[in-house]
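Take a look at this one; I'll ask things after.
A, B, C, D and E label the chains in the order they appear, each numbered from 1.
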Amino acid sequence: DDGVLRVGTEGDAPQFSMADANGNVTGFDADIANGICAELKVKCKFVVQTFSSLVPSMDKDRFDIIISGLGITDERMKKIDYSIPYATTPQYFVVPKDSPLVGLKSLAEIEKALAGKTIGVVNGTTYAKFIKKHIPTADLKTYDATTQQNSDLGTGRLDAAFGDSPTWVDFLGSPDGANFARIDVKVTGADDHEALGYGMGVGLRKSNTELKAKLDAALCEMINNGKVKAASENWFKDDYTIPCKK
Amino acid sequence: MSPVLKVHELRKAFGATSVLSGVSFQMRQGEVISLVGSSGSGKSTALRCINFLETPSSGEIEVMGDAISVVQNERHETEIVNAANIRVFRRRIGMVFQSFNLWPHRTVLGNVTEALIYVLRKDKREAEETALSALSKVGMADFSHRYPSQLSGGQQQRVAIARILAMRPKLMLFDEPTSALDPELVGEVLKVIRTLAGEGATILLVTHEMRFAREVSNRMIFLHKGIVEQDAVPEELFCNPASEAVNRFLSSVISTAA
Amino acid sequence: MSPVLKVHELRKAFGATSVLSGVSFQMRQGEVISLVGSSGSGKSTALRCINFLETPSSGEIEVMGDAISVVQNERHETEIVNAANIRVFRRRIGMVFQSFNLWPHRTVLGNVTEALIYVLRKDKREAEETALSALSKVGMADFSHRYPSQLSGGQQQRVAIARILAMRPKLMLFDEPTSALDPELVGEVLKVIRTLAGEGATILLVTHEMRFAREVSNRMIFLHKGIVEQDAVPEELFCNPASEAVNRFLSSVISTAA
Amino acid sequence: MDLSIITYAVPFLLVGAKTTLLIALFGVGLGLPFGILVATARTSQVATIRRCADFYCAVFRGTPMLVQIFVIYYGLAQIGFIRHNAILWWLIGDSLHAAVLAVILNTGAYTAEIFRTALLSLPRGLIEAAEACGMSPWVIFQRIKFPLALRQALPSYSTEVAVIVKESSLASTITVLEITGYAKRLMSETFAIMEIFVITAVFYLVINVACLTALNVIERRLSFEPRYAR
Amino acid sequence: MLNDIWVLMVEKGWTLALLRGAGVTILIGVLGVVIGLASAIPLAILRWRRLPVLSQLVDAYSIVIRGVPGLLVIYLLFFGSVDWVQKIASAFGYADSAENAYPFIVGIIAIAAISCAYSVEVIRGALQAVPVGLLEAARSLSLSPRLTFFRVTLPLALRLALGGINNVWQMTIKDTSLVSVVGMQELMRTAAVAAGITRSPLLFYCLAAAMFFAMTAVSQILFNRAEKYFNRGFSRR
């Protein structure tokens, strides 16, 4: 309204949502937000807050939408509404380079091999649920940030970690990641929609149908005109766009 | 002349143990009375009840015409009639404690000026002058900038006395004011008390020094197990003890003195 | 026989104020000595230096053959020679404080048994028996389950005395042990001290009650401004005062007594 | 509020509560004696001991517990020597052990300050009375100093216990699944942030009310002064 | 390595950001403690005098606030009230200033409420430990209750409470990190954001810790002075 769209975002997620020292937000989420604002001919105003306060703050009208790489799941849809999904990143397991697991060929094989092992995932994602469901015997560790998870991989506290491909591209490319490799089995939402959801969407308050319609239209336009792809390739070196169904 | 202090049927019990079982006496202006009796007979408790540091279980206390009485109501609760008078009482009464109770965070001078400044509303200069003159009466003027923890027992006791002297209350309660003092100082305190009485102050003191009591007081009250056994002029008490208890008590004075 | 206590050239200063300026005396076994002197003359400080609650500025103390000496080294620091003996001293010495210092969190019985159990390593039953017998010597057996805050001044003092009686130390230091006691109890304490001395204990006591001192002691030491003015048998002190200070002090005793 | 969330979340949080209690138990059980030890070190006559203890307290009280737990778990793990030393790695390699260690070190510093002031404010005469009896320093501490200091320190220490229980939630940042650990997981799963927050808080509240009430009772039991001035 | 740090801290401006965060932390921490302490003293007195009902209420307040995580206190305070505050502010035409100032106000109130609950216990404990006889002496000299409190009880109690107050202050300055949930960028939150996006968590967290340490080191000097002051007259041991 009054020409400003207030966007809640985390600000401390590398590549997705990064608030710099002056509070300016950049990253994939920021590109999506700016794109939407441009489509809707409004100005974007970013509000940077901790992840756990994003949803209550939006409920109390501190901002209108959340763009913070939110994965769409049925469970979460009970609390907030989502736009159409605009992107999805595939997930991979990462293990030490010399591990026999590196050569595994399918999710089923991985599930069997990792039974009883220690696996790390990052909070704020739905991966914990996925691991719990598929490898119930695993010792699951949840981290607040990928850097922490990767640090534990490095010190050998973890046998494997599960995360999305941008994270791994980043980590495996860094010196710390030199001794690790990802298992080349792409896990996507299609493998288990209930646990992994339907890709990323913009979050908004329940029953705000008018805004949802506008967002959906704007996102669809951005998907179709390649803006999402451009953003994805800019930040992730890959195209993770989900086609617009309409 | 109406009495300065009138204690009527004062009773006090701590839980089940009864300490005072109906104490009554009166004091006229300028009178000095010694409250004597064996250890644990309730002397300190009686003093503390008079200015309501301890709430009596029942009884009436009248100070210069104003009275406070304590009654047990039908639900066996203690009820203070005219509790507002407590402040009035305390303005008229000064007390020297058996354990001195000097404030450790204030110097000797501060201990004495405190009430002068904040109760009598003297200005600081005047209060300090008054305090120093009171301190010199007990030979403590040289120690005015010490803290209580840096004083000997007798020195602390003298500061506690000076704290009250400076206030010049109408009625003074002394709880064993000479217990830590050497004979020389006991003589000094004797003089001070006589002067005070001569100037019109009324003094009730607890003491174990029978000679001192005999010297200083117009009347002596012998307390035994919470009851007044004898209330008489010193000569009478010494020559004509009213009961076996008084007799035994006094005879031991004489035998120790022998 | 070697002396039980030997104090040699004991000096103590608090900052710039010198309190003890070279005190020396000796005590043989079974002796009772009264330390007398005016308020602030350094009596309590002398007692406290003997068991090193206060570290002397210099001097030597010998208890039953073991000695601790304090010297000022070249950098003007106080240095204790044989500091390890302090614990030994304290086991042999018992002390009754001028301000009682009862432990508020322990009952009367607990105050007395504490050291019996944790220093003399008696078992609990035995300790309680010993404690009760000590308490009954001062008439406090009935109060064994009270807390110190529920006692009168004289009762607290008697518990403090019982706490030491129960320990039966070789050397006992009493700091004004009768200041809060009535004449009857003073007589009792007199008896207790005589019995202790008869049983071989050595007793050094500070007191302001000259008659008591005269009765109880083999020798009296008159302290004045941190110096021993006279050290003599009581008769000698009273009849033949060595200096003007002693004379004045004693004359006031007599005048108050008159 | 959505009731189904409660029935869904509570079983998880109950499991987490066991871990929270475990951490708190160690925090109090080991942190209290450790803190008192540090407090006595801070009142020691030996300057070196005193300074070391002061420094430890300054560091652990002066920096956020989050950083302490991070440095202990992630930071120390970077050091090869620690990783290859069996005892040290047992201590910090396991996230629960590291959390307990961090909680003890943190509460130790605060407890030390509480007991230091309590010890310093004890009336000198009471300790002299014990010394004069020939009690050893340890007996004096155990029978006189500690019981008296404890009575004075209890109101402040009860707060510290509540703080331990709450700060144990930081263990979740090093993957320990105590109450908050599960709560975080549940929040990201359901986005029912407020609901889960409130349930979680009720868990902490229940634990702490139990602790604080127990400590209040102990405080009343220990009080020997029947009369307080009004 | 050093070069990287230089780039992060200076060229990317994180030093300034951290300092800004530290400013917010100090402001909220100091206000929180001062307000908390000021309100804790009367509450502690109620509790100490055992006034019926009131003392139980204080007890309940202190147990609940100490018992629940601080995050919930601020969550409930903020999200429970922001609706109607916004409405009222809009009605008076101050919607914008309310929007901007309200998180700050709630932040301070929440921090003060928490530190108050802690301080109540500290001060109550200290009040209880003041020897009764010293108060009786004041009373028998007929110092009014108010004067007795301010001239005798409080100075003696503060000496006993100093260590506890110091603890509360040290806890509170770190509790300020809670205000990040209402969108304020204090020191810890700034460090967390920096840690997240620069991937140097240890560097930034340790920097934040160092800044906290510097703050408390300065405050420790003041507390040491105060301790000396309050201990005057008491024999050392």
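By definition in this document, a contact is a pair of C-beta atoms (placed from the backbone, for glycine too) under 8 Å apart; a residue touches a chain by one contact, two chains touch by 3 or more.
Here the structure is a predicted model, which means the values were calculated and not measured.
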item	value
Labels of chains that are neighbours to chain A and to chain E	D
Far-end chain from chain E, centres as C-alpha averages	C
B-E or D-E - the one linked by more C-beta pairs in contact	D-E
Mean-CA-position distance for chain D and chain B (Å)	50
Chain centre separation (chain B, chain E; CA means) in Å	47
Chain A and chain B, separation of their C-alpha mean positions in angstrom	83
Mean-CA-position distance for chain D and chain C (Å)	45
Per-residue overlap in chain D, given as positions that touch at least 2 other chains	74, 194, 197, 225, 227
Shared-contact residues (touching 2 or more other chains) in chain E	75, 79, 136, 139, 159, 201, 235
Numbers and ranges of chain C residues touching at least 2 other chains	99, 150
Pairwise chain contacts, counting only pairs that touch as defined	A-D, A-E, B-C, B-E, C-D, D-E
Partner chain B, residues of chain E touching it in the complex	133-134, 136-144, 147, 151-152, 155-156, 159, 230, 232-235
Of chain C, residues touching chain B in the complex	14, 36-40, 44-45, 98-99, 150-155, 158, 176, 179-187, 190, 208, 210-212, 215, 248-250, 252-253, 255-257
Interface residues, chain D side, partner chain C - complex	123, 125-126, 128-136, 139, 143-144, 147-148, 151, 222, 224-227
Touch list for chain E against partner chain D, complex	48-50, 63-64, 66-72, 75, 79, 118, 121-122, 124-125, 128-129, 132, 135-136, 139, 159-160, 162-164, 166-167, 170-171, 174, 177, 188, 201-202, 205-206, 208-210, 212-213, 215-217, 220, 231, 235, 237
Of chain B, residues touching chain E in the complex	51, 53, 87, 90-91, 93-95, 97, 99, 101-107, 114-115, 118-119, 147-150, 163, 167
